[in-house]
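Heads up, the next two complexes both have chain A, just with different partners, chain B and then chain C.
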Partner chain A sequence: MQRSRRDFLKLAGVSALGLSAGTLGFLGEGAQAADALPTATDFAKPAKAKQWGMVIDTAKFDDALHKKCIDACHNYHNVPKIEGKQEIKWLWTEEFHGAFPTERPAFLADAQEHRKYLLLCNHCANPACTRVCPTKATFKNDEGLVMMDYHRCIGCRYCMAGCPYGARSFNFRDPGEFIAKDKLNLQYPHRTRGVVEKCTFCVEMLAQGKQPLCVQASGGAMVFGDLEDPKSEIRKVLKEKYAIRRNPSAGTEPSVFYIL
Partner chain B sequence: MIEKALKGSPRYFGALMVFLAVMGIGGGFYLIQLNNGLLITGLSRDVSWGFYIAQFTYMVGVAASAVMLVLPYYFHHYKAYSKMIIMGEFLAIAAVIMCLGFIVIDIGQPQRMLNVLINSTPRSVLFWDMVVLNGYLILNAVIGWTSLMAYWKRVSPPTWVKPLVYTSIIWAFSIHTVTAFLYAGLPGRHFWLTAILAARFLSSAFCSGPAILLLLTLLAKRLTGFDPGKEAVKTLSTTITYAMCVNVFFFFLEVFTAFYSNMPGHMDPILFLFSGFEGHTYMTPFMWTASFLAIASLVLLIPYKWRYNPDVLVPALIMLVIGTWIDKGMGLIAAGFTPNPFEKVTEYLPTGPEIMIALMVYALGGLVLTILWKIALEVRAEVEGSL
Partner chain C sequence: MYNGKYIIPGLIVFLALVLFPFIKGIGLEPLKVETEKPKNSKECVLKTEKMRDVHMVLLNEWRDDVIRNGKRVFTNESGKQFNMSLTNTCMGCHENKDKFCDKCHVEVGVNPYCWTCHNTSPLKKEGEK
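Moving on to the complex of A and B:
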């Protein structure tokens, strides 16, 4: 009796992640869900940190690897494919001048010049986006993740004006129509019209003790970990190699580092 | 007193009908926006605020400008404004209502609007902007209505109005200052990231707002025979001239800082506005028109012989209003977002539906203003026996 009640509570916790009942195998229609659902045990050992951060070793990337990472993120999170200037993106690439405009390099080395750079929300330690949000829909959690509460967001887009990195997208229209039906991931909700969204550092993966999806897909070209823990892998990498951040003069203390 | 709005000439009702019709058409487009989202606007990931927020910013200035009458009248007992003061206060009410309207049409989830109250977040300037705007609306409504009521009953206004009046004077400065802080505190938006932005906002408000008030008053004079008084017109036009000079001067301060320092981040948005950036020149015709109108209006306003001549004054004021409107109602927002954080240009111009929806809010303001002014003028006619 005890046991089954606990199981039920765990299941309820899983459904709170945004599952629809149809994805639960025992209710039929289970085939709809592409992957096995995470069970309560998956959440038993979450990954914890004081300030999550990321290092991107840009030399290890080519177009194919970029695409692999972006697809891993966008497909799982139901990021709609919208063409044009009202597009939505969590993870994307820019050339050097776009990614690091404040560096203003002249006579850039060939290797850096012809490379593309993977961009995403920096989960800044001192973010401008959370400061301006009038509803706390954008907030920073205890682990240094800059999170979105889509249900609180009023769509004022102040956070977009505030972010110095162009990391946020606004749902100008209902995103549902722009996610291919067969691609729709039923384990993750898509957003509604009229709210802002962005990369979450895969908080749902961290809750299961896993690495973010792009990091998993990168095959070692990205390192993820706790910036506040001197013994962490990410700190080891940063000690060994020179890494830069985007627009550091904005004072937001980005948590994403780039090894050139 | 309110019943005075219900009787009137066919022309008065005709005007109300026109405003209602525009609101109706604009309202239709707003329904489309509610059904489909802001995709019907020209906004984008890079230029995420546009025409609506720009009109909001301009109208905050118009609302704040009532203080240019209230301050001399109450602080310096400048009696020449006695007939116009109520017109200024009522214009402020209409302007704040438009401001709130522009915000409502801009947000993606209007039904969640009250989240700003429920989850009030004092570190967000938007929260304070909501506080000061609503406060200013209430202040002006209470002050304007109470003084008019007292005047109608031929008694002097109750003593508690005085402290409210003084509060409203400081408050007027605060509404435009806080609105400037919405922009001025953002890292990475070079065009806005300037300590003088609030001062620029105020100077542009103190010329454009009174100019609109004066134009509307002169129109009312034509239509109803209401005479604000020669002295009042003279003094107000002088105030407008000074404020416009300061406004242009402040702009040159920005230009000097940007170009003498030679810092790209500061120069780029100004270059984008006046000469184009990486081949994107869609803003330049507007900005050069604005500059031409600003200078021309000063040429006409500075010599007092011209300024005091209604035939020159009216076109000069119209030029000034259009010039400052282009500067704030189009240039300010576009240049804040352009070039974007990737040093690229995403073009933004308002779409047809966007303009129609904004017109709906303007028509709402026109409706409110017409009714309020009608009441004020009727009361005056009744008390004084003539306008």
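Moving on to the complex of A and C:
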């Protein structure tokens, strides 16, 4: 935003008045509920993996738990609430035929057909989005996370065309306007107009040795861990129960599994 | 000299225009910007002079380290460790963007776009149109 000196001085005057009221500052009212600022010691013990993955036990979910997980994610990451085609989606729900369009079971059981399925970026082992990105703004890091470097994104949306899961959203407008002021998490940046965004598997939580926020909120209905480690919790779950993935024929090897 | 009556006054006008900012500045106080220092901490990530020179380089390096290399802890010359974060570390101390960052940036006419995403402080929101 271009700001002239005159505007700046006006603003400085207003700010001085506001400060004298003693209610403003970086950690003002909005952030009081939030945790303390993370320091270097919080990152001393990061969680490490070769390929992070997630199992979602869909039978354990109801609408309230879906909402709890989605809110935990969206509130922390400042995901704007926009209705309609310009919606920004990190974590969202869909019915069976929307979630698994390539699975074609005939006479599907009611319980499965009308259940809502929690969807998110699959952090594929062989992602299509990173291959088509001309600036390498989206890339796969050495822990198997499909990451976004918003600083480098030019908003061409090739990744959205490449992703077979619709897991990416484009900011057609300034997302800042669509985040409620009292909900804004000052510890996490929001995005800007003209970049693509998506779920990050809470890379900042993993760096602190914590589980992703949706997994924490799910109360055991989601299991998170290293798919390449045969002794991990997630592999134990997958060994015991039949789980499917979304659109496996796309060949991207998604890392999110669904127990029906 | 051919056309001397045009060239010499022309040169004089040219020199006058080019040197005008320097002549006007003679005897003026050097540019001084008073920024608000953080109240709750005395030590910065780097020495003040160094920060003044290379804070943008440091922030670029932090950005690449955190996002690209997954390295999130910065150790400074005296061995103190910091979380590499503009929002949480820098703005945690320099809580008032208008009284710190903007003071210099506005004075020298630099418009970094860091704050379209980072440091969404209530103060900035209040002042925005």
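Everything that follows uses one rule, which is that the second predicted complex is superposed on the first by the 227 of 260 C-alpha atoms of A that agree within 3 Å, B and C clash if a C-alpha of one lies under 4 Å from a C-alpha of the other, contacts with A are read in each partner's own complex, and residues count from 1 in each chain.
The working rule: a contact is a pair of C-beta atoms (placed from the backbone, for glycine too) under 8 Å apart; a residue touches a chain by one contact, two chains touch by 3 or more.
Every value quoted in this text rests on a predicted model; they were computed, and no experiment measured them.
Touching A:252 in the superposition: chain B (first), chain C (second), both, neither?
Only chain B is touched by A:252; chain C is not.
Just to be sure I read the superposition right, which of the two partners does A:181 touch: chain B = first, chain C = second, or both, or neither?
Once the two structures are laid over each other on A, A:181 reaches chain C alone.
Tell me which partner A:52 touches in the superposition: chain B (first), chain C (second), both or neither.
neither
After lining up the shared chain so the two structures overlap, which partner does A:171 touch, if you call chain B first and chain C second: first, second, both or neither?
first
Look at A:224 in the shared chain and tell me whether it touches chain B only, chain C only, both, or neither; answer first, second, both or neither.
Neither partner.
Tell me which partner A:157 touches in the superposition: chain B (first), chain C (second), both or neither.
Only chain B; A:157 stays clear of chain C.
Does chain B (first) or chain C (second) touch A:132, or do both, or does neither?
Only chain B is touched by A:132; chain C is not.
Looking at A:87, would you say it contacts chain B, chain C, both, or neither? Reply first, second, both or neither.
In the superposition, A:87 contacts chain B only.
Based on the A-chain superposition described above, do chain B and chain C contact any of the same residues on chain A, and if so which?
The overlap between the chain B and chain C interfaces on chain A comprises residues 174.
Going by the contact rule set out above, which residues of chain A touch chain C in the complex?
1-3, 5, 8, 11-12, 14-15, 18-19, 24-30, 37-44, 46, 78, 139, 141-143, 147, 149-151, 174, 176, 181, 184, 186-192, 203, 207
Applying the document's contact rule, which stretches of chain B touch chain A when the two form their complex?
These residues of chain B touch chain A: 36-39, 41, 43-46, 48-49, 106-110, 112-113, 115-116, 118-119, 121, 123-127, 130, 182-183, 185-189, 264-265, 336-337, 340-344, 346.
Considering only the defined contacts, which chain A positions touch chain B in the complex?
Of all residues in chain A, those touching chain B are 84-88, 94, 97-99, 101-102, 104, 128, 131-137, 152-158, 160-166, 168-174, 193-196, 247, 250-252.
If you look only at chain C, which of its residues touch chain A in the complex?
Residues of chain C touching chain A: 63, 67-68, 70, 72-74, 81-83, 85, 87-89, 91-92, 95-99, 102, 106, 111, 113, 116-123, 125-128.
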